[in-house]
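Contents: one structure, followed by commentary.
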Amino acid sequence: MAAMIRVEQAWFDVLAEAGVAPAAADLTGLVGDGDVVAVAAGAEGAGNPVAPLVRLIRDRLRSRGDSRAADWLHRGLTSQDVLDTALMLCLRDVLGRLAAELGRHVEELVRLAAEHRGSLRAARTLTQHAVPTTFGLTAATWLESILDARSAVTRVRASLPVQAGGAAGTLAAATELASGAGSADAPSTARGLTTRLASRLDLTDSPPWHTRRTPVTRAAAALVTCTDAWGVIAGDVLVAARPEIGELAEPSGDGRGGSSTMPGKRNPVLSTLVRTAALRAPHLLAMTHVAAAEAVDDRPAGPWHAEWPTVQELARTALVAGSQVTELLSGLHVHIERMAATAEAAAGTLTAERGSLPGASASGTDVREYLGAVNLLIDEALTRADAALGPEREGTG
Amino acid sequence: MAAMIRVEQAWFDVLAEAGVAPAAADLTGLVGDGDVVAVAAGAEGAGNPVAPLVRLIRDRLRSRGDSRAADWLHRGLTSQDVLDTALMLCLRDVLGRLAAELGRHVEELVRLAAEHRGSLRAARTLTQHAVPTTFGLTAATWLESILDARSAVTRVRASLPVQAGGAAGTLAAATELASGAGSADAPSTARGLTTRLASRLDLTDSPPWHTRRTPVTRAAAALVTCTDAWGVIAGDVLVAARPEIGELAEPSGDGRGGSSTMPGKRNPVLSTLVRTAALRAPHLLAMTHVAAAEAVDDRPAGPWHAEWPTVQELARTALVAGSQVTELLSGLHVHIERMAATAEAAAGTLTAERGSLPGASASGTDVREYLGAVNLLIDEALTRADAALGPEREGTG
Amino acid sequence: MAAMIRVEQAWFDVLAEAGVAPAAADLTGLVGDGDVVAVAAGAEGAGNPVAPLVRLIRDRLRSRGDSRAADWLHRGLTSQDVLDTALMLCLRDVLGRLAAELGRHVEELVRLAAEHRGSLRAARTLTQHAVPTTFGLTAATWLESILDARSAVTRVRASLPVQAGGAAGTLAAATELASGAGSADAPSTARGLTTRLASRLDLTDSPPWHTRRTPVTRAAAALVTCTDAWGVIAGDVLVAARPEIGELAEPSGDGRGGSSTMPGKRNPVLSTLVRTAALRAPHLLAMTHVAAAEAVDDRPAGPWHAEWPTVQELARTALVAGSQVTELLSGLHVHIERMAATAEAAAGTLTAERGSLPGASASGTDVREYLGAVNLLIDEALTRADAALGPEREGTG
Amino acid sequence: MAAMIRVEQAWFDVLAEAGVAPAAADLTGLVGDGDVVAVAAGAEGAGNPVAPLVRLIRDRLRSRGDSRAADWLHRGLTSQDVLDTALMLCLRDVLGRLAAELGRHVEELVRLAAEHRGSLRAARTLTQHAVPTTFGLTAATWLESILDARSAVTRVRASLPVQAGGAAGTLAAATELASGAGSADAPSTARGLTTRLASRLDLTDSPPWHTRRTPVTRAAAALVTCTDAWGVIAGDVLVAARPEIGELAEPSGDGRGGSSTMPGKRNPVLSTLVRTAALRAPHLLAMTHVAAAEAVDDRPAGPWHAEWPTVQELARTALVAGSQVTELLSGLHVHIERMAATAEAAAGTLTAERGSLPGASASGTDVREYLGAVNLLIDEALTRADAALGPEREGTG
């Protein structure tokens, strides 16, 4: 609701700034947490929360004697303008927090990849031992996924558009108001209001996108790119934390992972919860696409409404999972002796490919001699991480 | 299968070019359409078609006396390298054809937007008449969605990565082969083979991404961005083709839309089929994300396998729908008199907002005077289209 | 949380009743709304809310001096037993409320089908006019869908199973406790505790189903069968409420459907919100199935956890949509003159099939003469409704 | 296509049998495999394959001089009647084959549950060792899931409805034809044709369900209930086949599981492919529900069309996975010594719960003494299997 009020305020300011409306009123403090229930109740009647919210603010403005402000509030906008722009503001906040969280993941993974560059481990493919690798490369591969996700998040965040098209995306009311205020080129003045709104709210300018939902599906896709990357990390930890494998363990302490009946049992709770998020998120993304594909007419009946709870749930899920991944990575226990022992015990299997190569220079079964380009691939990931985080580090230095 | 053989050939050439293997054999004509059934049968046993295909080619090479080539074929690669790279080649082709198809959509929509810039129409929001608009703006909004899709398609197409990591993404075999061939820096030589392969196949270079499935989910997302855009067009045509509305009609002729029982009935078949594609695609995208989130170990058991049929179906669906949209747009009937008549008959409703505005300069009910910034928004879309297609046009001039 | 406490209490009572534990303590009032935040916080640490809840109740029991009760509480159960059984209790409540709501829908639709048995209307197929029908048959078809949904809901509701398997579904702790209490056949006594628990909570008896998630997917499917049926009703109303068609209108009054900018505009808000629910629900169902398919080990890490928020959201969505459908149907405006006028104006089209039939007795274009078996099909639906609701009516008579 | 011709033939026979049409023609041999391409091409134009197929059969009938049959063919039906009924016939076949396949699974699992009733094993919950169990109980739990699936499959199979409503579900043409043939109660005669068609095709009778898609979603749900059950089995095998666990192994032989680069490696290919099916199926189910929820008008434009490829793919996926499960279960290697050794080595952990119980009779760490009701639960599953298969066995005895 705060985001919606912020949009109304910014639009009001823009109207005044452009000389289209008289001086804007300050909406601060007019509506508070105590009004949420009433607005929500009205939302069911109107189909969205904007109509009751505008009505409420207008009543409050009139109560304090400012009926001119009440008349001008929201003029030129439609409910969807307010909600879509508010959604973009919320997403900017969410994506910003996720970018920071992903930055933390990058740092932890850079540390793990470097530290375990030589920590010998058996690679598993289709669950079976394949060739030797190191845990450093595992961390480097996780790192590349996180960098992909971070890149998606920051790219999407930089392109979140403002929405201001009026009743049906024609800017009719805004044009009329501009004309009434004496604008010589009312359509340009009206279109300029959107540009000003974007600038004031730090969103990108855009023509109306009431039925072009790429901004929403793109943001949802970025969120799922995060949960995909985290899902793989969580899944790998869940496998490696099995007692028979015992190569990784979750951070202990603070009541994490206790069982309600088995004393001493430590469940890999963080990975479990992160994987849960990763299993749920794709379905939420699919919902946003079904909604996007059905966004007919000049503003649709239903598909648009399906976006709010879906994106909200997706964002919430991603934020929680992101913080759990930070906790997981920062306290991850890496049992390098166990990794090495397993790999060495399986040396015959892990080097079988080597012996089958034509013209091979050597065909021994020393697993440490068959690590291929592991070091170089780790360096490649570290370099990419450095390039990704570098500019910001300097910027904050 | 052709794409898989192409990958094997390119890798063989790269091995030879880098001096890692002796001269590469020419695989042309070794395996043909008649072998598809046998390879498919073997695929069920091996879990993927690469193992039986490699075995078959080796047999054929040996049959023609080239047992050294048989020995060197596929060395350094794993099945997933071949399949992932072949998938990327297929996607490059698919995305290229889609970009061309989207280019055709852009041209048709530029024509429709310009031609119907002033074709008065009632805008509908939540199914009800809202304010006046023109069909030119409807076309311009469709156009913006198509431009979004085209931009996603071309961006993804330019970043499709090669896959070559060997058994578990460590390049162990390739490094061993490079070492056997006397390389002073075998890991770099091995990593260089991937770079060469990328260059030879016109894909982007990449470290192994066996468990980092962003390339697949990104491509799937681009495909669904297309079907989303088309779904909205199809849905709008389906509404407007209703006899009670009658503002748009599908192209007639060539047996389109006939009923099996009702003579004379013309069904909007193209829109129906395009909408079908748009309803199905999001679920296929969700599948690729579940697969991506579960890609554990160094190569996963199941999630990777779930990608092939899914992406294949998604690509096929998008290609068919794309061509149907071209047919739909190029022959779309626009009944401008009916549009205008409906809008004028609803003038009171369509201008109700106007009369409610504070300080409005005029409050008449002439729908043509309340078109807001329609013209300017159409220009904005046309300019964007021009910028998007411009460079290519020059390039082909 | 209330449902979880109810399960703990019932189990405690069962232990005592069977002579396995000493007299059960009364848990009433031990934990209240004020504890929700603390339990939720603990839930993140433990991965589920049961462990912190049990700990809290034990602390409270000890505080009031009942340390023996604290010792016995929850013995023999695992977290999943409590949560799954609590979920079933919540679902029983939800499905019961839905069955009642669907009963209301049945009554409204029986009324509409009977009342509009002869209300002439043009049938639309693939959006185009097809043959004549009546609105009574439309209502009868909706009714059949609602009866399907009601049948699914009541069948599932009657088969919701209790869950009580202990740490890994072996009833090990319960068997041990029974043995300690002197049972001659401890396994049977332990298994009997589950049966008693089922009886006490009015659920069906079942062996443990920690990894067999049919009860959850079946319940989710029943919920989506409801939203499917409602989605069609909502979609049909959305089409018919278009101003150009104007055959149906939503109930007016009480602030429903107001626009934030267009005075006088009435949006079909109820149908819009119901359709929203119908578009979202299938994805939530898919989530429960992915979870069910991945429920490995003796209790899974993640898939089970993905069920709670999913089923909860699905249940909430269905309950809200169900009440909206009741409001929609009970106040639906049926414009029979408009229906008839459209059908009569399209008489040529609507009877074209008739003229093409071989050996037809008549080939006139009177739409009222080509209504086929409409009456009989309406009767068939009414009879089915009567049979479905009949027993209950008698029961309450 | 064969199913569609079968429906046309049966309807023709029914028309003749009821005296509505003159003697039915024999359609055998009129259309063959060579016509598939032409019909498919026509299908794109008409939006479905029925219109071109009917046209083709009529042409062939006329070519052989039977123009009266050509006139009467398909009269009273619409495309959707033919396709929906053909889909039900295909589903009956598919569900029948699945029921048989599930019967084989039941038999294998009965064998495994009985044989390994006492095969000690460590239960894992959230990936960690929990309490002792036996592999017999694991098999019994799988068995219960298979019995759930089999029950869903047979129930759905027994209720697949015929579809025959004519152009818009009013039976208008059929009624007209009955009237022309002199029926005193033409609507009843027409409705009776559907009943006769059901009887002739061994489907259940039903009023038209053009927009009530429960028969499709219910069948899809049954298919996914199968893949869910199989997914859990496959997932459990994938975990247990990990070399560090080594408790289960897939059947070897016949080229299963070979690697394209690593000699000697055996991949758990069957489980991998079965899990793939289980990961994909839920999304296909979601598609059928979105289609069901959007089935507006008297026959919808798009949602119906989305069902065919979806259900077809789901059926194909289930059939293949079902046969792979049979192969997997019938040749599954159970390493009971390894299971026992792991459980015994973890005895302290596996019996920790036991020691914490109040008033426990014993608190030793002998894992074989803490198996709870394992035997009894196995018996319960075997009894259920016996009851499920029993009647059929007798029937075939």
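Residue numbering begins at 1 within each chain, and the chains themselves are lettered A, B, C and D in the order written.
As a working rule, a contact is a pair of C-beta atoms (placed from the backbone, for glycine too) under 8 Å apart; a residue touches a chain by one contact, two chains touch by 3 or more.
What you are looking at is a predicted structure, and each value in this text was computed from that prediction instead of being measured.
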item	value
Chain pair, B-C or A-C, that carries the greater number of C-beta contacts	A-C
Most remote chain, CA-based centroid, reference being chain D	A
Distance between the centres, which are taken as Cα means, of chain B and chain A, whole angstrom	24
Gap in Å, rounded to a whole number, between the CA centres of chain C and chain B	38
Distance between chain centroids, defined by C-alpha means - chain A, chain C (Å)	32
Chain B: positions in contact with at least two other chains	47, 75, 78, 124-127, 130-131, 166-167, 173, 238-239, 261-262, 267-269, 272, 275, 279, 283, 286-287, 290, 294, 301, 353
Chain C-facing residues of chain A, complex	42, 44-48, 50-51, 54, 74-75, 77-79, 82, 166-167, 173, 234, 238, 254-262, 267-269, 271-273, 275-276, 279-280, 283-284, 286-287, 290-291, 294, 301-303, 305-306, 309-310, 313
Residue ranges of chain B touching chain C (in the complex, touch as defined)	124-131, 238-239, 241-245, 261-269, 272, 283, 286, 290, 294, 342, 346, 349, 352-353, 355-356
Contacting residues of chain A [partner chain B, same complex]	47, 68, 71-72, 75, 78, 123-127, 130-133, 137-138, 141, 144-145, 148-149, 166-177, 179-181, 187-188, 190-191, 207-209, 211-214, 217, 221, 224-225, 227-229, 231-232, 235-236, 238-239, 275, 278-279, 281-283, 285-287, 289-290, 292-301, 353-354, 357-362, 370-377, 380-381
